[in-house]
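Order as written gives the chain letters A, B, C, D and E; numbering starts at 1 within each chain.
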């Protein structure tokens, strides 16, 4: 299970703007890939050092520099310095416990979002912080580890299909945001499917496992909510910003991402309402079951306890019990017992217990 | 039961603005109907291809083109291109999992709403996405399948009754929105009636089925809420918009639709409050019932267990039990037993258990 | 019990602005009364037709035309047409399921409120829609049935007491609104009294009837809330409106009504909080009672079951049971039984069960 | 217990602005005290009639006229007329069921607040409406009964300590508001102490009395909330008002009162959250207790019922029961019984029931 | 446990602006430390009296005067007077029950925050009020007791690392705020860890201690929320303020603190949601356990009560019971008993009780 909060103790006391990597350390070294394109051509390559990236800073072509793995703090710092990124932004890129946000600086926009994917092999949600720096003709993206939802964007860049090669860096940043939000729907679908399974289970045979699943889904919804709610503001901020970095033609696309983000928030709210309702049903099914158990006990006990008492009476050893000698006493007592049992059964039937 | 969320996986990775149909595929081919009218005349016909529609684009008469069925992506795309509709709008028309919204473009307004009807034959709510494009002198409407709530509007167009023939495309769009919102009241009436039935049931003889009905109603209210809440903003947006496409005379009508939408939202909120209250009553009726069962068991057990003990004592086989020889011991013990039972009954009566 | 939602199916499909009466049909014919007054004189009479009202349209005196009963659609329509009222307003006057609102038109203001009274004979809240049209020197009021809270206003008009004869139509409209809001306090007092009775009941001897009363009060609070919440906006709208129809001197009076409306909303919120708290107490009193029943059962069973077992042991028929021959065996066993019972009682006492 | 809502029925139907006293009638006659001061001198006296107050209306010194007791409607009215107070304000002064508010008139500000004190002798919160009229160089204050929280202010006026004698009427009004808000903290401290006692009780030995205390505290918090929440707006309104009656130097002091009011609102919110949490603990402690009772019953019954059955078998009177003759049958059966009991105990120990 | 509300009764009745210390009195005398620095040099010393501080008032270097311990009211007052601080601010510095806030005065800004640390030795949250006065080139800080989170800032001032020596008093104030907010994360991590432990406990073996821990965590979350929620406004106020005291270059840093504060608020909200969910699980685990206990009782009782009845029948002493003489009656009855027990077991198995 993911930790509720990333340990930030290592940072305590350091001067603000000190870049310290906070997150899972990974074995493999960080990887920088660079895609440089305009409408006519595309150049894609893996670079080894930060120096290879800097020449692209002032070319008229659009450049996308993607960094997978943040543990090499010096490298990240060098890259950021190369593109004149504020130290506070450098700190935020490395501290992977950020809340999604969009900060405007003079020469660039800094965007943090969470990339969520449903990891089928491990059966849990996989979360990763993605930082985007949108500058003039350049997009820098920083991820915690290799593997992301951006492959379709890369494919489109390579093939030249769609609009992406015709537009600039702002459209590329939009494509990346769009890919991130699309990933949320996969998680939503997983939660939605599980909720529907649980609804069937609740009606037929709920168990403590059902409750644990409801709890897990609530936790996942909470996590989704926490990451998507601020995303709305991020995209809204981008859309309303009058920064020259975002072209007017890109705004309808941003509004489209905003629609998707609002829909995710909406769906998460619906999920949470449904999960609350399901918890109520679960609790009432528990009460119902206790009731059923009680009824069985009460029926059996209420029928047999009086009968046992009668049998006990005629099992007493008093010398002077005239009934004991009577010829038909035994069958008469048996008949009496049967009558009592029948009366009880009629009573329970009337109370709708059986 | 409807899926909580429509599967969008098929779209993942495609460039934004790629029109892909997301929804239930249907056997019958899509159907385009065209109504062209001014105050004097009305022309209604079913057209086979998109080409037949395009000439109406620049006529001074008002034209309503309605498409039933969206699986023919090329046809929808061709129609939209013919009316210069933005690719993102084309994508939204085909992706039937949209949230109600109103987007302003330069030459037209794009409105998405959900059409809800109470389907008596299947006993559930029937939901369908309706996209409206309001251009100059033209309204395009896209539905997922044949059958809608617009027949009265068509009837009024044909007969020339009411104001619809005298006003332009904006009034027609209002009429369609109004018909959609009117359909919501039917669903509300169904939920309201069921709630009142359930209230009677709760008082008299609630059962787990009652709980399931409450849960189903909550789910339907949730769904209604999700579709109507944004509708308010849609109509408010239309009303406040200073687009030249909406005439000043149409605004009072839009405010009327807004009143209806607000009333639906209000009523849904009231329903949800009532359903929550009913759940509480259901749970307390369960507790009450457990209590009743417990009381029966306790009364029977508490009366007979001591009596059985007394009978057991005189059933012991000790040689030296002087009482056993006494002449009136048996009747005395019986009398003692009766006294104990009577005392217990008095005690229970005082505790108001019987 | 009132229906949760008025049936509007009869209206479905009609052109907007079609006046259709939605509400309870009543036997008695509608009644029009007219009061025309200025500071010097007052004229009050019952009129038979709409025509008798129209001449007052342009007189400098203030005219109040009150209509009781809306089933005569033509009459209402004729009156409205005579005062140039918009068809949508005519529709809203007749459709008695409106939400309270205030619409500004060029020549008049249209105000809808709900008149609530506590009907002592039937023991329930009596709700009625009141539509007010405030024009220049004229107020039209439409009610569903005879009998209202306006008699004190009429009395003041006749007697010339108070300010009402000195001010114009806007002050008259304020007086009517004030009378409506005053009526809410009566309903509030009824609910408040019942809540206080229930609080006593809860402490002493709650029953399922208590729960039903709580539920009924919640429903009434909900209804009150639904009608009063928008009222705030209505009065606020009137107060903030810069319509020439509302004189500056009337604004302090409107703010006074607003204060009252806010107080009603506040009190309803307090009531709902209290009712929620009372439900919690009711549920916990149920649990407490189950607990008490359980304790009685447990005490009795736990004392006597071991004793009965001992009696059973010495009731066995084995040939070789040496204790049975002992001289003091019987008293010894009885003493053992008493000791066990005493030990149990001490245990229960320590657990504070008895 | 205080009534939830003051009976306003006596007012129904009266013209707006009619001054009617609504509140508890008291035996003692109303009392007017007058303090007139400037930086140099202070004059304090009790006056008998309204006339004695009027000359102070236009003096340059600051005058504070305090009225204790409102049942003498004519006197209140005469005083108000003397200071040119609007009839609606007169009505509000006398109707003691007002919500805290601040109304700006041209020549004065009208402020209503609730004075709350913790009445140790009666063990409940004592609430009283205080109306302040802040005019040029004059403050009128109206209270329902003698006894208030203003004595420290009077003391400072007399002694000339603090700033109060150096500032004008607006500072005096601030001092009175400040004294009222200070009184709230006393009530808060009482509620806070009781909450902490209850928390201990809950852990150790909760009882239905605990629940009743929680309910009473909730009611008091609700009452506090209802009176303090609008107070924030009152003080905010005063602070933001650009009325010439409030000097610029007084604004920091008003912001200080606002801070206190916000803190009261905050603390009440915290109290309500804590009380809700305590109710949950109370309910779960009830469940825990039922569980404990059940366990005792189940342990005893489950051990002895099978043993009693075995004893019953060997108490049967069949002629052919070979075991009965066996030499060691009786000890063997006793050993079997002990073994069964031991096995049960091991089972319960493993289930952690004992 | 900390008191819910600090006792303010001692202050009641004093003139506003009277400085009175409200808080825990401590044995050690207050301590003033002074750090004076510019980019080139740093001077740090402990001063004994207020007089030693005043000369730094007008130097161009930045001066930080820190006071630990507030019980010496005269000293605090003298220091504040020396820096021309408003009496109301002096009062707030000494009254340690303030809500976090930021007040703008002409010559300085007054900021109150709560410093929270997780005290590992006492196992509880340690809260302390910190007041900051940001003037031109000077920061005054007032704390309740020695020991704080500012050591790293002091270290950086001494060593000249980071930006702190290059910037002015506003940057220093930011550094202090940043250190305070960093301290919150430590408390959050503690709560987060405890929540995760509790989640494991809930699944495996919850106990009333679990409930008490949940309650304690809720209380701590509430406390955190109360202190952090207004902090957002404090930092937002600082950021938006156009006071000349905050340099433009400091604003990005303030926004960074704001991000952290928002994240704390967010995390606290998530914690509260999770704790509510855990309470539900705890309650349902109680119900489950009652159910399990009931099932054991019911199974045992339901099997043995009928068997005991049969044994009782054949223990009756009637003379005429022919079965008693039959040769195979005893084995037959034993077989019947076994059959009944088996049937019961099958029934329970089918009901999934065993």
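In the analysis below, a contact is a pair of C-beta atoms (placed from the backbone, for glycine too) under 8 Å apart; a residue touches a chain by one contact, two chains touch by 3 or more.
None of these values were measured; they are calculated from a predicted model.
Enquirer: Between chain D and chain E, which partner chains are common?
Expert: The common neighbours do not exist; no chain touches both.
Enquirer: Between chain A and chain C, what is the separation of their C-alpha centroids in Å?
Expert: The computed centroid separation for chain A versus chain C comes out at 42 Å.
Enquirer: In whole angstrom, what separates the CA-based centres of chain A and chain E?
Expert: Once rounded, the distance between the two centres reads 26 Å.
Enquirer: If I count partner chains per residue in chain D, which residues reach a count of at least 2?
Expert: 283, 287, 290, 294, 297, 301, 305, 308, 312, 315-317, 321
Enquirer: Taking touching chains as linked, do they make an open path (line), a single closed cycle (ring), a hub with spokes (star), an all-linked set (complete), or other?
Expert: Drawn as a graph, the chains make one closed cycle, so a ring.
Enquirer: State the ordered list of ring chains, commencing at chain B and continuing via chain C.
Expert: Ring order, starting at chain B and heading to chain C first: B, C, D, E, A.
Enquirer: Would you pull the chain C residues touching chain D in the complex into a rising list?
Expert: Going through chain C, the ones touching chain D are 151-152, 155-156, 161-164, 174-175, 178-179, 182-183, 185-186, 188-189, 192, 195-196, 203, 252-253, 255-256, 259, 262-263, 266-267, 270-271, 273-274, 277, 280-281, 283-285, 287-288, 290-291, 294-295, 297-298, 301-302, 305-306, 308-309, 312-313, 315-321, 351-353.
Enquirer: Which residues of chain B touch chain A in the complex?
Expert: 1, 3-5, 7-9, 11-18, 86, 88, 92, 97-99, 101, 103, 205, 208, 211-212, 215, 218-219, 222, 226, 279, 282-283, 286-287, 289-290, 293-294, 296-297, 300-301, 304-305, 307-308, 311-312, 314-317, 321, 323-330, 333-334
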